[in-house]
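Before any comments, here is the structure.
Chain naming follows the written order as A, B, C and D, and within any one chain the residues start at number 1.
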Amino acid sequence: MYTEIRREAYEANLALPRHGLINLTFGNASAADRDKGVFAIKPSGVDYDELSPENMVIVDFDGKIVEGNLRPSSDTPTHRCLLLAFEGIGGVVHTHSTKATAFAQAGKPIPNFGTTHADYFYGEIPVTRKMTPEEIASAYEWETGNVILERFKGLNPLDFPGVLVNRHAPFTWGKSVAKAVEVAVAVECIAEMALMSMQLNPGLQAIEQELLDKHFLRKHGATAYYGQPE
Amino acid sequence: MYTEIRREAYEANLALPRHGLINLTFGNASAADRDKGVFAIKPSGVDYDELSPENMVIVDFDGKIVEGNLRPSSDTPTHRCLLLAFEGIGGVVHTHSTKATAFAQAGKPIPNFGTTHADYFYGEIPVTRKMTPEEIASAYEWETGNVILERFKGLNPLDFPGVLVNRHAPFTWGKSVAKAVEVAVAVECIAEMALMSMQLNPGLQAIEQELLDKHFLRKHGATAYYGQPE
Amino acid sequence: MYTEIRREAYEANLALPRHGLINLTFGNASAADRDKGVFAIKPSGVDYDELSPENMVIVDFDGKIVEGNLRPSSDTPTHRCLLLAFEGIGGVVHTHSTKATAFAQAGKPIPNFGTTHADYFYGEIPVTRKMTPEEIASAYEWETGNVILERFKGLNPLDFPGVLVNRHAPFTWGKSVAKAVEVAVAVECIAEMALMSMQLNPGLQAIEQELLDKHFLRKHGATAYYGQPE
Amino acid sequence: MYTEIRREAYEANLALPRHGLINLTFGNASAADRDKGVFAIKPSGVDYDELSPENMVIVDFDGKIVEGNLRPSSDTPTHRCLLLAFEGIGGVVHTHSTKATAFAQAGKPIPNFGTTHADYFYGEIPVTRKMTPEEIASAYEWETGNVILERFKGLNPLDFPGVLVNRHAPFTWGKSVAKAVEVAVAVECIAEMALMSMQLNPGLQAIEQELLDKHFLRKHGATAYYGQPE
């Protein structure tokens, strides 16, 4: 039981250091099975080379551990909050990838300067407000999810498949956790390009709407023509 | 049939991630057989580890698929436009390599600051103008080629074997697709050096004409003396 | 005898280049056995691929070589000074990792801008004052330790498990030398993030106290809930 | 005959891409046998994976090819010029390593900001003046050597084992070509640190003389105590 999400979560967690997104044990990935009302997530503070499909922790959507002897990632409540609120997604990824985290620490969204960005996000990569002392002192990781949801009022999470948590780091998501990993790779790459573009052209404006539409929509939605027919 | 260009295109496409020029599936390479009036190009949105010489798509110079069950790269019309216009070239490469793309997003050419650059380009690496809403709304990828051709009026494409498409990313080319890959590697490296040189010396002028002549011409043209006799 | 600290020091020294923290032979790690009053440390100027547990040098807390035919690292007196003063630590690591060293050369502490930093340090990563000509002319490496101790008056070395020596480079430590290696990796990553955050937001303030408390204390101390129960 | 310098030159040339100092075929290394009055150098424009001890080209100190069917590196006259003038050196390395080349292109020496630098150079890493149109038009590569020698009037080449050629890139040297490779690695690393230190502290002054003396002299000269006794 839960074999498929165990495998998906395991492979996604392993993919993060392979893509250079993880230093030490910062970062985690979860894969949901909405029919069964559960998700699989990385155990907390375990080295990447000790992970296996079997030691992924199975948690239900109320936050109870269904299967597993290890503590789940301390960020589990954030994953749960996002999986509950964003019904179209199948997985969440959290990293402290260097360049994206630099934007998060600075409290700055990543401006959309080009087509690489427009292939993934339908506008800037948003940043949350800072969390209040009350939010930090209470259920911190759950409130981290809430501050993301607050920022996403009026935004479609599949048009903006990621966010920077202020002072913290990026979270990404997608229809599958594999897609969330892909977005995490893209966010890191986009962050590096954006900083360099700003250094080259400090007054640089965001990409023109027609080019944003073209690139985002050729990959996403009903008129997409990128990739192979599904 | 088409064995040779299938192999060349396949090897060029594989070389791109090996040189660190590709994140995810951004990027593609094509190899032309002008006698047969066709070129081989990467299929769209296929992972690099699933590529083979056999799944390269064969397209003729009118844009019709001659062989192949997969959709060709969505950038195929840009490749075709360049191969038609630049008769001396045998292959085209497109990447979103990080540093070169940062210049493209910023709408800035890469200034020629030194001999590394002068070994490959006979002046700055040009950037196109932005595309118009009409160009974007019509045959976008074909018009991407046209905006490159507009920038190349009066320029010899073998003296300037690449370009930055504004808001987008670099395209490079050469007598062979292998040479186009080499130029793509050089462009990324040159972009990184150029940004750092500008940070060290904000008013830095372009390389002196005599040194540009010396380096470009010792590698290119009738009086070249670099490398082994051919 | 000393088998365990030989192995720990050997593994820590090998981990440094694997994590990209070492260029050439810059850097060394030591592991202490407080019961036996000795520590194992890398021999001086030996290539990383020639290291073995057997050629680690065993030095006692008075600085005398107990076992070993090779000279110990020239930085041995700094390690000894720290191991003597910081009674809760079991190992010391010294690297010239690029980004952290850039801060050290500039004489600047690494400001605490986010949760990645707060997971490891309970405030900024401190920098020492410059050493005086007299300190440099006398027992230089021992005085390097003393200038660190001067900076740590009033600081708990387990709350601040590392330092930048002005004009020089980072030293880190921990309950074990393996932990000191982990901190060295974190310091390099934090340094890169901090420089980028400052470039994005030149007036950026340090992380809010409540978020610092939350992140540092969820990993350290009596109320920690990160990782698996020990 | 010449077996030893063939092997040394071959190994040094292979070490350059392994250390990340070489993009494409930019770069070359030579090893001298002063008793026989010859040096071994990389053939021009040959891929790194086609090199062998046997295809190193043997050139005498008058510039005549003694053994070899391939053209030697086009930079051979620069190597010969340095080997003739700097009698204490046994090998020369030339790279276009990214960060050091950025300084060379900008026409800026690398300031000595810390002990990493001071371990290798007894002051800033010098940059030559620009070459004149006459020097470029005549025996360009030989004159590249001469402009280095002009910069080194009054400098001991073993105290300053490398240089940045203005608009071009670094050359390094040492008692052996293996040492010249080591210096080339250090120069690239030092360049990256220096740029970051300047970004952190724009008015940063060079390292204090007493610390420079301490670090340079603990590794070099009669009172050195770094590494193992020779």
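A few points about this structure:
The working rule: a residue touches a chain if its C-beta (ideal position, glycine included) is under 8 Å from a C-beta of that chain, and two chains touch if they have at least 3 such contacts.
All of these numbers come straight from a predicted model, not from anything done at the bench.
Traced through touching neighbours, the fewest hops from chain A to chain C number 1. In this structure chain A contacts its sequence twin chain B using mostly different residue numbers, the overlap staying below half. If you average the Cα atoms of chain A and of chain B, the two centres end up 32 Å apart.
Chain centres here are Cα means. That of chain B falls 46 Å from that of chain C.
Along chain C, residues 198-199 each make contact with two or more other chains. Inter-chain contacts, as defined above, occur between A-B, A-C, B-D, C-D. Every residue of chain B that touches chain D in the complex is listed here, in rising order: 113-116, 119, 182, 185-186, 189, 192-194, 196-201, 204, 207-208, 210-211, 214, 218, 225-229. Contact residues of chain D toward chain B in the complex are 23-24, 26, 43-46, 70-71, 74, 96, 98-99, 101-108, 130-131, 133, 136-137, 140, 167-169, 195, 198-199.
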